[in-house]
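Heads up, there are several structures right after this.
Common to both upcoming complexes is chain A, partnered first by chain B, then by chain C.
Entry: the complex of A and B
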C-alpha cells in the first residue's frame, strides 16, 4: 500500500482552479447585470436646468451608483450560491476538506470581486463614452485613467472592496442558513432592530464616518467586515456535513 | 493490517439512531460486501468512513486517522454513490482532467478506455446522462482514482445486466492488478458474490455479522422434508427461517453449528440437507417479519 501525501497548498491551488472554472458561468450573469446597469445609468441622470435669454444650460449628473448597486447584488448572490448544499457537494468527489473548500471559495470570491470591480469601473467609462457621443454634451468632469490615474486607481480599489464586502456578507449569511435557518432569522432580526435603536444608529453612523474619511479608512472598514464574515463562515463550514 | 477501524460508532439523526454500537475492522486489500435491508444504515456508515459526515459518538479511523475533515484520508479514499455531483458546466472530459490533478494515482488511460467501452461521450454532461449511465461514469471515476480505500454505495443501480457484468469484471481485473481495500454496498449479493472476500451485514443499525464469505457459506444449513419430521428434529433449536413449501413439506434453515444430527437418520425420514446461499442467509438473518408476503394475501 503506497499512500498519496498531498500538501494543503498544492491541493488548494488545484481546487481554486477547479472552482474558478465551475463559477465561470457567473461572469455571464455579471455582464448581463452590468449592461442593465449601463442602460439604467444612461436613462436616469439627475439634472438641473438654467435658461436665460442668451444661454440655455442643462447640467446632468451621471453616477455609477446603479452599476455598483447591481454589481454588489450580483456579488451577494454568488456568495450566497456558493454555500448551497449542491454547490458544496460538487467538490466532494475530489480531494478536499470542508475548511479547504471554504478557503477555496473565499479565493474565488476575491478573484470574482476584482473582476467585477474592474468591469464596473470600465462600464462607468462606457457610460461616459455614450454621453459624449450624444450631441451638444460636454463633459465637465473628465478625469480618466490617463489624465488622473490616482483617481482611477482609488475608485477601482474602492469598487473592488465594496463588491467583495457584499460577497462576504452573502457567503456569511448563506453559511449561517446552512447551519440553522433560525439563527439566520435571529441575526437578520437583531441587525434590523439595532437600526432602530440609538446605539445601533451610532455604530452604523460611526462606521460610515470612518469609511468616508478616505480610501484607506474605507478599505480598512471593508477588509475588517469581509474578513470577519469569511472567518466565521469558514469556521462554520468546517463542521458542516455534506449530502451526496 | 487494519485500514478501517470502527469502535462503538453511533449516529443519530434527531432522535432516531441510524447506527448503534458499530464495531468492526477491515483489513488491507480486501473486497468487503456491505449488505443489509433498506434503511439499516449502510449509506450512513459509508459516509462516515469517507469523512462526509461525523458520527455522534464512538471512534472511526481510516489509515489511523479520523476521516472527517482530513486531507490525507480524502486524498486516499473515495466514496462513489448515485448522488455524486459535479459542476454543471463541466463535461465528462473536464471532470476526468481535473481528477488527474487531484488524485495522485489517477489512471487517465484506464478512464478513457472505459469511457469508450461503455460508449460515454466525453463531451456530454454528467447531469444529462441517464441514471444507469451516470452510475457507470461514477464507477469509472471511482475505479480510475485507484484510491487505497474505495467505497461503492449501490454502484450498479440503474445499470442493465450486461453493463453490470462488465462492471463486476472490470472491478475484479483492476483489483487483481492493483489490490486495495474496497467496500461495496449492494442489494445484488447473488451477482457479486464471486467478487467478495468478506461480508459485513447490518441490521437495524447494528452489525449482525462480519465474516468471510467462506465462513458465511458454512454458517447455516437448510433442511427440506416432511413438516412433522422437521418440527421434531428442530425442536428447541434456533430456527433462522422456515417456510411451508407444499402442504406437508417444509423448508427450515438452522445454524450449522446446531446441526449435530445423524445425516443417515434424516435421509431415512425423507429430510434433505440443502446449502444456503449467502444472499438468502443475509435475508433470513435480517428478517424481523413473521410470515412472508403470501400471508398478506391469505386470510
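Entry: the complex of A and C
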C-alpha cells in the first residue's frame, strides 16, 4: 500500500531510469564490441583492382557494416540477458507490475538501440580518421555526414531499427526460454528446417526482398517484427513467476 | 537458397554464438563500479562526437570526380590537341599538354624510330612533321593528353570517373645510337584509392536499381587516338625517317 499515487508515466520514468542504471555495464560491453568492430573494419576493407597499360588501380571501400553487425549481436545478447531469471529477480522488488516491467524493458532496449546505432555510425568516423592518418591514398568517394547528410540520417535510422529488431528477437527468445525450453527448441528447429526446405526458403527470401525494397519497407518489416516480438514477450512475461 | 547461402547463415550463427559467449565471459569476470563506468562511457561518447569534426578538418588528398560535362570538356580538349598536332598549331596547347621538349643535331641523313615494346600496343602516338629547314636539327615534343579512369564502380554506390593525367609515369625516350631513337613504355603507375561511406550494403536501399546486382569493378577507359602520349618529331625534309611500327608523317 502506498501513501502517494503515481501516474503511469511517472512510474515508467522511474523504472526506466532504474533499469538504465542497472544495465549501464552493458554499454561498456557495447563499447568493447565497437572497438573490436573498428579494428575489424580497418583490417578488412572491400577491395578491387584493375590493371591496364600504364596504370594499376587499386581501390578499397570502407563501410560501417562490421560495426552494425557486431552492435546487432550485442543488442541480441542484451535482449536475451534482460529475460534471465536472476536479472528479473534482482529487479523485481523495484517493479510495480510485470507488464510495467516489460514496458520498461522495451523502453530501455529502444534507448540502448538508439545509443548503439548512433555510436556505431560515429565509430565509422574513427575508422576514417585512422585511414587518413595511416595512408596517403587518394580519397575517392567520400560520403560523410557533412557532404551527404541524407545518407547518414537514412542509414542511422535504418540501423537503429535493425539493432532494435535484434534486441527484440533476443528478448522474445529469452522470454520463451524462461517459459519453456521445449518451445524454444521447437522455434529454433523450425527456423533451421526453414533454411533447408524450399517453402521455408521462399518465406525467408520473400521477407528479405520486402525489406530490401526501400527504406520505409525495411523499417516496416523491422517495426512489425520488433513489435510482434515485444508484444508476445510482454504477454509471456505476465505469466512468469519470479521466485527470490 | 543455395548451399553457399545456407553455409553463410550457419557461419553467421557460429559468429553470433562466439560473440555471445565472449560477452558472457566478460560479464562474469568484470565487476564494474558505477562512477568510473559512467566516466568511461562519457569519454567514449565524447570521442565519437568529436571524431566527425576532426575528420572534417583533417587535410585529405581528394580526387576530383568528373561530371559528364567535365568529361565532355576533357574529351573535346583531347580532340583539339589531336587536330592541332596535324595542323601544326600546337603552340596554344603547349602550356597545358606539353611535358618536355628536346632537340638534337644529327649528321646522318636518316633516323630510325623504334618502339621498345611494340607488342604492348602503341602507348605513345608518334607523329613526324617535315620542316623546310635546311639544318640537321631534329626536335621532339612529348605531349600528354587528358586521360581518365572511367567507372570505378563501387557496389551500391555510384560509379565515379577521375582524371589521372598528372599521375602517369612518362615514357622513356632515348637515343640508342647516333641514328636510332627508342621509345619505351613507362613502368605502370600504381594508384590506390580509398572510398569511405556511411552507407552499407546490409540494407540495400533503392534495390530496384539494376546497379545493385553488378559487381564492384574498375574499368579503364581506352583512349580515342593512340595512347595517352603523343611524340611530335620535327625533322628537316632532307632527313629520312624509318620505323618498323609505322609512322604518321605529314608536311
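The definition used in the following text is that the second predicted complex is superposed on the first by the 231 of 244 C-alpha atoms of A that agree within 3 Å, B and C clash if a C-alpha of one lies under 4 Å from a C-alpha of the other, contacts with A are read in each partner's own complex, and residues count from 1 in each chain.
The rule is short, and it goes like this: contacts are C-beta pairs under 8 Å (C-beta built on N, C-alpha and C of every residue); 3 or more make two chains touch, one makes a residue touch a chain.
Worth saying up front: this structure is predicted, and the values here are computed from it rather than measured.
J.: Applying the touch criterion given at the start, work out whether A:175 contacts chain B, chain C, both or neither, answering first, second, both or neither.
T.: Neither chain B nor chain C is touched by A:175.
J.: What is the contact status of A:160 with respect to chain B (first) and chain C (second): first, second, both, or neither?
T.: neither
J.: Looking at the overlay, does A:82 come into contact with chain B only (first), chain C only (second), both, or neither?
T.: The answer is neither, since A:82 touches no partner chain.
J.: Please name the chain, chain B or chain C, that touches the greater number of residues in chain A.
T.: C
J.: With both complexes overlaid on chain A, does A:24 touch chain B (first), chain C (second), both or neither?
T.: After superposition on chain A, A:24 lies in contact with both partners, chain B and chain C.
J.: With the two structures laid over each other on chain A, which partner does A:97 touch: chain B (first), chain C (second), both, or neither?
T.: first
J.: May I ask you to decide whether A:8 touches chain B, chain C, both, or neither, giving the answer as first, second, both or neither?
T.: The first partner, chain B, only.
J.: Would you check which partner chain A:236 touches, where first means chain B only, second means chain C only, and both and neither mean what they say?
T.: The answer is neither, since A:236 touches no partner chain.
J.: Which of the two partners, first being chain B and second being chain C, lies in contact with A:106: first, second, both, or neither?
T.: It touches nothing on chain B or chain C.
J.: Can you give me the overlap between the chain B contact set and the chain C contact set on chain A?
T.: On chain A, the residues that contact chain B in one structure and chain C in the other are 21, 24-25.
J.: Over in the complex, which chain A residues touch chain B? Could you list them?
T.: By the definition above, chain A touches chain B via 1, 3-6, 8, 11, 14, 17-18, 21-22, 24-25, 86, 89-90, 92-100, 238-239, 241-244.
J.: In the complex of these two chains, what residues of chain C are touching chain A?
T.: On the chain C side, the touching residues are 1, 6, 9, 15-16, 19-20, 23-24, 26-27, 30, 32, 34, 37-38, 40-41, 44-45, 47-49, 51-52, 54-56, 58, 60-63, 65, 120-121, 123, 147, 149, 152, 154-155, 157-158, 160, 162, 164, 167-169, 185-186, 188-208, 216-220, 227-228.
J.: Going by the contact rule set out above, which residues of chain A touch chain C in the complex?
T.: Touching chain C from chain A are residues 21, 24-25, 27-29, 31-33, 45-46, 48-65, 68-70, 73-74, 76-77, 80, 119, 121-129, 131-133, 135-146, 148, 151-152, 154-156, 158, 162, 195-196, 201, 204-205, 211-215, 218.
J.: Name, in rising order, each residue of chain B that touches chain A in their complex.
T.: 1, 3, 28-29, 51-54, 63, 69-72, 74-76, 78, 81, 83-90, 94, 98-99, 101-105, 141, 148, 180
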